[in-house]
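Presented sequentially are two complexes of chain A, the first with chain B as partner and the second with chain C.
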Partner chain A sequence: MTKTPYAELLAMLSRHRGVVGSFVVSERDGLAVDSNVQIGVHAEAVAALAASLHRKARLACGAAGCGVVTFLRLDAEKGGICAAGRDDLVLVTISEARANIGLLRVEMMRAAKALT
Partner chain B sequence: MPDEIRRLSDDLARDPSSLVFMPLAEALRRAGQLDVALRVAVRGLDRHPYLPDAHDVLARIHADRGDLERASDEWEMALRLDPSHAQANLGLGFIEFRRGDLESAERRLSTVPPAEQTPGVAAALAHVRSALGARPAKGAAVVMPNGSPPAEATVVSPPLAPSEAMAPAESVVVRETPAPAPAAPEQATPRTTRSVPELPAPDPSRTKQLFDSVLDGSGQYALLVDADGLVLAGAYTDATGKDVAEVIAAELAGVSSEAERAMRHLGLGAWTSLLVEAHEAIVAMTPAPNASLLVVTAARTTPVGLVRLLLDRALARARDWLVRVS
Partner chain C sequence: MKFIDDSRVRIAVLLESSGRVLAQHGFTRSVDVMSACALAAAIHASAAEIGRQLDGTPFTTLHHAGHERQIFLGELSTGKGAHILLTVFDDATSIGLVRLYFAELSRRLAGAAAGMAAAPPTFADFESDLNRNLAKLFGRI
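== the complex of A and B ==
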């Protein structure tokens, strides 16, 4: 099995407390380029939805003159999704409520700069 | 009461890590010493952040201080820690009732198990259901179950024995004002009556200014968008002064349903907020009643916590407004 350039990055993010999955997804078509998720996580469906949310946020921010989207965080009752994109690629993590979002945010924004 | 407070204070002084801070904070709250109660509760939560009952006590204190936003936060935290926490459901139910979200209030109050349904809970639930049943058509007066005049409908708190008195029932002031008024201390009398001024009919020409009172104007905007991406209320102008609200709303069509679907796939519960950081601004969104979406934007230099607070305030405003127009 061939490792993608993102395997190390995703493994590092998945080691964070409360992170149950991470993946790199193409914003354009919503397809996961690589993923590192726990068993039971619907990676493909979530990747597509996260990519779509990121795209909508990017377009809305463009229309509003808010500039380039650097980080997106969707919170829910028991956890959430974080996303940081660059060009067409979006780095996404799925986390439980116990995750340290501040730390994860810093790591993701740093990692997103390396996405190519 | 002073003896009890003294005894509990001594106990806490002997063992600062004990859980006695909860009954002490509650006793202080009941005695009306809200600032001291707040300090005790916050300090206790520093040591025991995962105790739902401690968050419940802190929520009651906030409610007594008239800070319903923080009370709501604490009760929500209690529910995150213990989804079946009856008092937290009860507290949130009263706050939702206060905001005019009767369906949610009814749902919340219904979750309190029969075994824990004090006469106060049962009366509150009956009251909300009655208000729901009596919900008027657009622009009509609210008729409350006690038959009071439409323009001055009243909410009658249920009779509560001191031992079962609950902060929400006694503290939440059901009054339509921009900022919640400080709650009166718990009443010794069994029944208290508080007035609910009739809501004015919405003025369509003023929908763009709906959120002006909750924003401070320095580059902050709020928009209420329906499920189809159409603007319901609020305004947004870009740097050149051009109104771009409709464009933004259109781009955000479907965000709410996609967020909901993503969370359903992940089993993470209902989505509560979407925060987008961009180079020039922070955009925060949250689901609003009737499948609508509330969007608040602020300058990038605005602290994220403040943006969330603005979002909460705007949501309360949107809920009140939607009750009137729907």
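== the complex of A and C ==
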């Protein structure tokens, strides 16, 4: 199978402690362009729902006059989801509670700039 | 209704592979429903045959994206044979979400149909449905 241009980027994010999956998702379609996930992660479901979440956040920020969404973080009981978008592409990570979100955020913001 | 609420599709029609309507949401005129079902059944049959010829197995889902609206056509396997779900949606949702909730609907239907014996449609049903649909189509009802 041919590697996509995002394979290295996703592998780098997935090496972070506590990260169980990372994706590049098309916001318009809700389909994963590429993913690097551990066994047991429902990649298609997370990709579709995270893309929808990012789209709604972008629309909400636009309506509120806050400008463009740069980073989205959703905390849950056992972990969380982070998303950073550029144009139609959204970089999404799923992490456990033990993940270093600050470091992950820096890496995701940097990686999102490389999305084309 | 759960599928429609979750996936936020504008139109959804559940039909048999013969084109007979089982349920619909979003259409206001019965003629539109019948036309859509006839076309959906034909598209599904064509796609399945292309899949058989190319891949050895029938293609079971199909997606067309227009400028504003998109259609998704998928086969649902139940204890009563294969059914087809035709959906029309716009930018309120995405193909990823529609596929996600379609897979969930498919699992629920398969679970609900487990244990039910498949009963072939009878000629009496077919004839009465055909007569009713023709009468509707030509305005006699």
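As a working rule, the second predicted complex is superposed on the first by the 116 of 116 C-alpha atoms of A that agree within 3 Å, B and C clash if a C-alpha of one lies under 4 Å from a C-alpha of the other, contacts with A are read in each partner's own complex, and residues count from 1 in each chain.
As a working rule, a residue touches a chain if its C-beta (ideal position, glycine included) is under 8 Å from a C-beta of that chain, and two chains touch if they have at least 3 such contacts.
Here the structure is a predicted model, which means the values were calculated and not measured.
Undergrad: Put the two structures on top of each other at chain A: do chain B and chain C fit, or clash?
TA: After superposition on chain A, which the two structures share, chain B sits beside chain C with no clash.
Undergrad: Contact-wise, after the overlay, does A:A51 reach chain B, chain C, both or neither (first, second, both, neither)?
TA: After superposition on chain A, A:A51 lies in contact with chain C alone.
Undergrad: Identify which of chain B and chain C touches the larger number of residues of chain A.
TA: Of chain B and chain C, B contacts more residues of chain A.
Undergrad: Is A:M12 in contact with chain B, with chain C, with both, or with neither (first, second, both, neither)?
TA: neither
Undergrad: Using the touch definition from the top, say if A:A60 reaches chain B (first), chain C (second), both or neither.
TA: So A:A60 only meets chain B here.
Undergrad: Touch check for A:G79: first (chain B), second (chain C), both, or neither?
TA: In the superposed model, A:G79 contacts chain B only, not chain C.
Undergrad: Contacts for A:D29 in the overlay, against chain B (first) and chain C (second): which applies, first, second, both or neither?
TA: second
Undergrad: To the nearest 10 degrees, give me the chain B-chain A-chain C angle using C-alpha centres.
TA: Superposed on A, the angle at chain A reads 100 degrees.
Undergrad: Could you state the shortest Cα distance, in Å, between chain B and chain C after the structures are superposed?
TA: The answer for the closest chain B-chain C C-alpha pair is 9 Å.
Undergrad: Take the contacts of chain A with chain B and those with chain C, and give the residues found in both.
TA: Shared contact residues on chain A (touching chain B in one complex, chain C in the other): 45, 49, 52.
Undergrad: Per the contact definition, I'd like the list of chain A residues that touch chain C in the complex.
TA: 25-26, 28-32, 44-45, 47-49, 51-52, 55
Undergrad: For a test of understanding, state which residues of chain B touch chain A in their complex under the given definition.
TA: These residues of chain B touch chain A: 80, 236, 238-239, 244, 247-248, 251-252, 254-255, 258-259, 261-263, 265-281, 283, 295, 297.
Undergrad: Under the definition above, what is the set of chain A residues touching chain B in their complex?
TA: Interface residues on the chain A side: 41-42, 45-46, 49-50, 52-53, 56-57, 59-61, 63-81, 94, 96-97.
Undergrad: Could you pull out which chain C residues touch chain A in their complex?
TA: 91, 93-97, 99-100
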